[in-house]
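We just call them A, B, C, D, E and F in the order they show up, numbering each chain from 1.
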Amino acid sequence: MRPDYILKLLENEERMDGRRMDEFRKIKVETQNIKKAEGSARVKMGNTDVIVGVKMEIGTPFLDTPNMGILKTGAEFTPIASPDFESGPPGEDATELARVIDRGIRESESIDLEKLCLNEGEKVWKVFVDAYIINHDGNLTDASALAAIAALKVAKIPKLEDDKIIRDVFEKDLPLLHTPITVTIGKVADKFIIDPNREEEEVLDAKLTVAVREDGMVCAMQKSGSHGLTTEDVEKMIDLAIKKSKELRKLL
Amino acid sequence: MRPDYILKLLENEERMDGRRMDEFRKIKVETQNIKKAEGSARVKMGNTDVIVGVKMEIGTPFLDTPNMGILKTGAEFTPIASPDFESGPPGEDATELARVIDRGIRESESIDLEKLCLNEGEKVWKVFVDAYIINHDGNLTDASALAAIAALKVAKIPKLEDDKIIRDVFEKDLPLLHTPITVTIGKVADKFIIDPNREEEEVLDAKLTVAVREDGMVCAMQKSGSHGLTTEDVEKMIDLAIKKSKELRKLL
Amino acid sequence: MRPDYILKLLENEERMDGRRMDEFRKIKVETQNIKKAEGSARVKMGNTDVIVGVKMEIGTPFLDTPNMGILKTGAEFTPIASPDFESGPPGEDATELARVIDRGIRESESIDLEKLCLNEGEKVWKVFVDAYIINHDGNLTDASALAAIAALKVAKIPKLEDDKIIRDVFEKDLPLLHTPITVTIGKVADKFIIDPNREEEEVLDAKLTVAVREDGMVCAMQKSGSHGLTTEDVEKMIDLAIKKSKELRKLL
Amino acid sequence: MGMKTEEKMIIKGRRLDGREPDELREIEMKVGVIPNANGSAQVSFGNTVAIAGVYGPRLLHPKHLQRADTAILQCRYNMAPFSVDERASPGPSRRSIEISKVTRLALEPALFLEEYPETVVDVYIEILQADGSTRVTGINAASLALADAGVPMRDLVVALSGGKIDETPIIDLNGKEDNYSVADIPFAFMPRKKEITLLQMDGLLTPDEIKSIFKNLLKAGQTIYEMQKQALRKKYEE
Amino acid sequence: MGMKTEEKMIIKGRRLDGREPDELREIEMKVGVIPNANGSAQVSFGNTVAIAGVYGPRLLHPKHLQRADTAILQCRYNMAPFSVDERASPGPSRRSIEISKVTRLALEPALFLEEYPETVVDVYIEILQADGSTRVTGINAASLALADAGVPMRDLVVALSGGKIDETPIIDLNGKEDNYSVADIPFAFMPRKKEITLLQMDGLLTPDEIKSIFKNLLKAGQTIYEMQKQALRKKYEE
Amino acid sequence: MGMKTEEKMIIKGRRLDGREPDELREIEMKVGVIPNANGSAQVSFGNTVAIAGVYGPRLLHPKHLQRADTAILQCRYNMAPFSVDERASPGPSRRSIEISKVTRLALEPALFLEEYPETVVDVYIEILQADGSTRVTGINAASLALADAGVPMRDLVVALSGGKIDETPIIDLNGKEDNYSVADIPFAFMPRKKEITLLQMDGLLTPDEIKSIFKNLLKAGQTIYEMQKQALRKKYEE
């Protein structure tokens, strides 16, 4: 019943909370609110609530990139966030979320990884980006990706003394080259919407997540949902994502 | 039926096996009965039967204690010990048991960990203390903790040759500074008992485990059970534990 | 019904596919068909289909054999191979299979492990032998062991440059001293058969797997199945295995 | 008990963060912070922040775990990867398994579980920032979340830590004090009848010292109790 | 997007393996390669080889996972330990978990799952050799295996990769091109209605570049579609 | 087969521990050592000590694993962390998984499992000290524990190891002999009908050498058989 009603609304370009099809929910971005993280941000998009913490650790570089720091992205669907989430290792959806966030950051060449090399081939900074879902009311991808880039923008590199990290004393900002913004476009019937809440997500035919750099380059895409899309759909969705990414970028 | 009967007995300060409320079951402590361990003890408290083996290995010290050896305590509820135990990784109760044994040893400063440093920041002795439950008839904590300290008291440090451990040739005793004794006090109705067997454990309201050093210092406590205790209860239970710890200490 | 019928046939020394009791199914051995492996072979025995890939990596030797390379054997019952196989870590049967293949290679002293030492005590070649079941129609052991030795025979050691493996450039053949062949003999009623297919395996009383070297030495045995064997049975089965191993050896 | 240090932790009667020995850190409590949960709360003691969500009572699956006479209480204590100095790997540690168990035992006596047979009450505690006393901060958040969820309770559960540092009994240990204390006591109780439901202790204390710490805990616990009640009232005022 | 290199990847309009930018590698497809499976296929794109087996529709256990209105599709993408340069440890990685999911979503729109309530269709994909474009090779194998199993389908699912290297849009990236590409796009579609069912992208592209790559993908996809149909016909001819 | 050594393992016809080639170590067997178990036994061969506990036949859960025509036998072989020179990590290894399986197959032929449909018989073997021949020591303990549990048996299962060291066939290998043997044969049989239920072999032997070792095994096995029977009688005498 309820899904049918939501679907009918969308077909008429109406939404259950009165928004326009291309309108975000109210978004709140707070940064540096996790004291133990080297960088952090909490993003609320309507009732969706995500914290991203950035932690810096020392590690060994990969063999094929001996002069580059390492980015590691995780996502936890904590069971506090939804009656459907369960304790245990990350499932398929949390794994996909982490990988989509990761690609936005990595493929946009956001972090200047070469500046994170401490000793070529031996010691580099590892940047852990962990997304922690506090409340799930849809569009976790955009909220998490926004929190991730917001946290990276304020993240700092701690001081090193004899190879030991001095927490709470910082040397400089984490070097960022680009700021990717991720926007997911939903398709239902022949309509496109942005920022679906959880009930809307359930009636969508398909979604396309698009990460866009400040210079307009698309740096990552991920289709999901159980229906197909045409190339025309995709092209429209990319254009819409680029357009809406500008709104989100202003929040940083 | 049976639990009700046991409960009724206890309320009258009687026990199913005729013991006084503050009387241990028959306790037997055997040491060095596991040939491959650097130290070992088997404790029987009535039908409860626990083996603790101490193994010495070489390891790397923790970053923040570069000049100290490492203590690692484990507990296995082997499925031979009870129809209720299952194969598989340690559950909640075995994990708690290991951690309670560990705290008694660690907080009493029993092992002189600084004497276990071989090469500051690089190489130290690791002391593995593993409790192996052979038969579970209640009061696993006291039996295991007693076996642990008994095993540590007889444990020896093997010889090293070119950083290789020569098993069966020993250089000296494991350096011990203190001998903690752990006593668990049960509360049922307004009565206190010690060394409950398994059927008695099931009717207890609450338990308090207290580890006591030979100088009378309390070095660890752990409340369990589904009912609360008052501070007066706790104070009485601590006093009783200290008193009864002297009996157990004589068995070492 | 069907098992009864197969059993009846076997009691009359007949087989469902018309073979003699001591006759293999049609066997096809292809080598070097996996381009990314340093050695590979695919063996089809009737409908049983197994790929073995050999991978070479650099590792640290074991403490007690500082001058020897390392052999690691794995087996995966991929779920594509049978409606009964499931995703997940290897079960009891896959583990046993891997260990039986491993023993044939190891105990025959097939690989000259001393020649795989790069730097005594520090760096050696690790030889990974992985059996991958593509279709299971019985006698996985003989098919997998045959694929394993066939893959080892064609395996090559890649070039090293500054301790980095240059894949696709090879320095020399993997040094082999012996070629073990594994033959499993089934027993049903008082008859012996070889190369049982899956339906035949289900009616067997017992099996004996025997690995034989080219010089006639027996190098590994493993009994399986739910019935016992007499020493006379075993002796006959060993003789038959030695005899049939010669046929398989010709396929290498 | 923590590591040893030459450093004085109490100087002229004041702790390094300026507190008196029996002074709590700044405490914040907010109820109803997770819209999806049946009940929730966020509690901070200084820089230690815990958030708790309660789901249930809801039917327990699989069915063979159900109990005909009572609800089951399940608790999970978990630390966010970014809550500590060195990033914590996700997944349960032995420490978090033990804390989850003692947390359950700390809360159970406050609940009328027998009123909801065949169901489960899930209490999830996430530590967002760890600066000492995380388990007791989590229990306070859980107590509020249970009340917020409308689960009938005999009393709220109030939790805090006590201990001894240098020669002084203190309460509400922060992270540094936790590391260098002579002893610490995680503690929870139901104030109405003064029933202790969590009691652990690490370190070295005489029975008299324990008694003296208990007094401070019960007293400061009363303050926390009032704050819990006020946080609950505040939700209904909004 | 891959690593950076000074090396030119396109020389005089030809790729390092001699191909034109819009040229597929040699493709082989064979249906019915696993006797035990209800359907199966082996597909190779150059040195990338995938084998897929389908079991089902079969009754789903345990029962509480069954759905009364539809079959469930389960997919597992897995790499053989010997399929890559450095031996891969068995067991799922985060990468293979994600690929398993997007593979399922790529296949699902092609199936009439609602015709088989309470059942499961299991699609297992094993990568035997990995030289780029493994997930799309696997999807082609899975598409054929499903058809071979007789599972009713709206259309076959055709998959291939596109991307950009140096300044040139290309298709069907091999392993080296995957490592050094500016961007790559794993792509699957049902040719009859040109419905895209898999779309991912890594790297840096303008919207116009994406459009241009789509054109190449749809065109080359048509070739793969014909090969799939031929591989299926060939089975029945034998 | 073990590692190579220059050391002679047989000197003047005697093994390093003073035994003749066909001499067993000192054997101890005690039945009824675990009060909670339905049956139990502790068996030592020299410094190798195994303890076994049997639970069942008891109803098997979950129900879908039950078999209407027979009981299920489950065996677990496990080494205590302190049973070996270098501390063993808890949890199953590939070695212990294999040994658990061959142990089950070694015991199964002795049992009338069909008499207890829908149930399970659990046999747990813990190695307390490992000095060679642990799996056969465990099987002897399990055989006694099953008899002690009153599970109906066709015969006891007698187990021991044989092998070859230097040029000599031996029985009952200790740990050092196991490491340096030319070959070793774990072996179990039911003496009444001389049915072999466990047979494995590592190393290098001719068929004639195997025959000769079998003779020694059957002969010494008779001694162990008598000891098993005596251990069982002793329990009832007490």
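Here is the rule we go by: a contact is a pair of C-beta atoms (placed from the backbone, for glycine too) under 8 Å apart; a residue touches a chain by one contact, two chains touch by 3 or more.
Predicted model only: the values in this text are computed from it and were never measured.
**Student:** Need the graph distance between chain B and chain E over the touch network, please.
**Tutor:** 3
**Student:** Going by the average position of its CA atoms, which chain sits the greatest distance from chain C?
**Tutor:** Ranked by distance of C-alpha centres from chain C, the top chain is D.
**Student:** Matching over half of the contact pairs by residue number, can you pick out the copy of the A-D interface from C-F, B-D or C-E?
**Tutor:** C-E
**Student:** Since chain A and chain B share one sequence, what rotation angle in degrees maps the C-alpha trace of one onto the other, as a multiple of 5?
**Tutor:** Between chain A and chain B the superposing rotation measures out at 120 degrees.
**Student:** Using each chain's Cα centroid, which is most distant from the centroid of chain F?
**Tutor:** It is A whose centre lies farthest from that of chain F.
**Student:** Centroid of chain A to centroid of chain E, CA atoms only: how many Å?
**Tutor:** 26
**Student:** List the centre-to-centre spacing of chain B and chain C in whole Å, with centres computed as mean CA coordinates.
**Tutor:** Chain centroid spacing, chain B to chain C, equals 48 Å.
**Student:** Roughly how many whole angstrom separate the Cα centroids of chain B and chain F?
**Tutor:** Distance between chain centres, rounded to whole Å: 32 Å.
**Student:** Hey, what residues on chain A touch two or more of the other chains?
**Tutor:** Counting only residues that touch two or more other chains, chain A contributes none.
**Student:** Got the chain F residues that touch at least 2 other chains?
**Tutor:** none
**Student:** How would you write out the ring, from chain B onward through chain D?
**Tutor:** B, D, A, E, C, F
**Student:** Which bits of chain E are touching chain A when the two form their complex?
**Tutor:** Touch residues, chain E against chain A: 1, 3, 94-95, 97-98, 100-102, 105, 108-109, 183, 185, 189-190, 193-207, 210-211, 214, 218.
**Student:** Once bound in the complex, which stretches of chain D touch chain A?
**Tutor:** 33-37, 40, 47, 51-53, 55, 58, 76, 78, 80-87, 90-91, 122, 124, 126, 128-131
**Student:** For chain B, which residues are in contact with chain F within the complex?
**Tutor:** Result: residues 34-37, 40, 47, 49, 51, 53-55, 57, 74, 76, 78-83, 87, 89-90, 128, 130, 132, 134-137, 165, 167 of chain B touch chain F.
**Student:** Flag every residue of chain C that touches chain F in the complex, lowest number first.
**Tutor:** Counting only chain C, the residues touching chain F are 64-65, 92-93, 95-96, 98-99, 103, 106-109, 208, 213, 216-231, 233-235, 238-239, 242.
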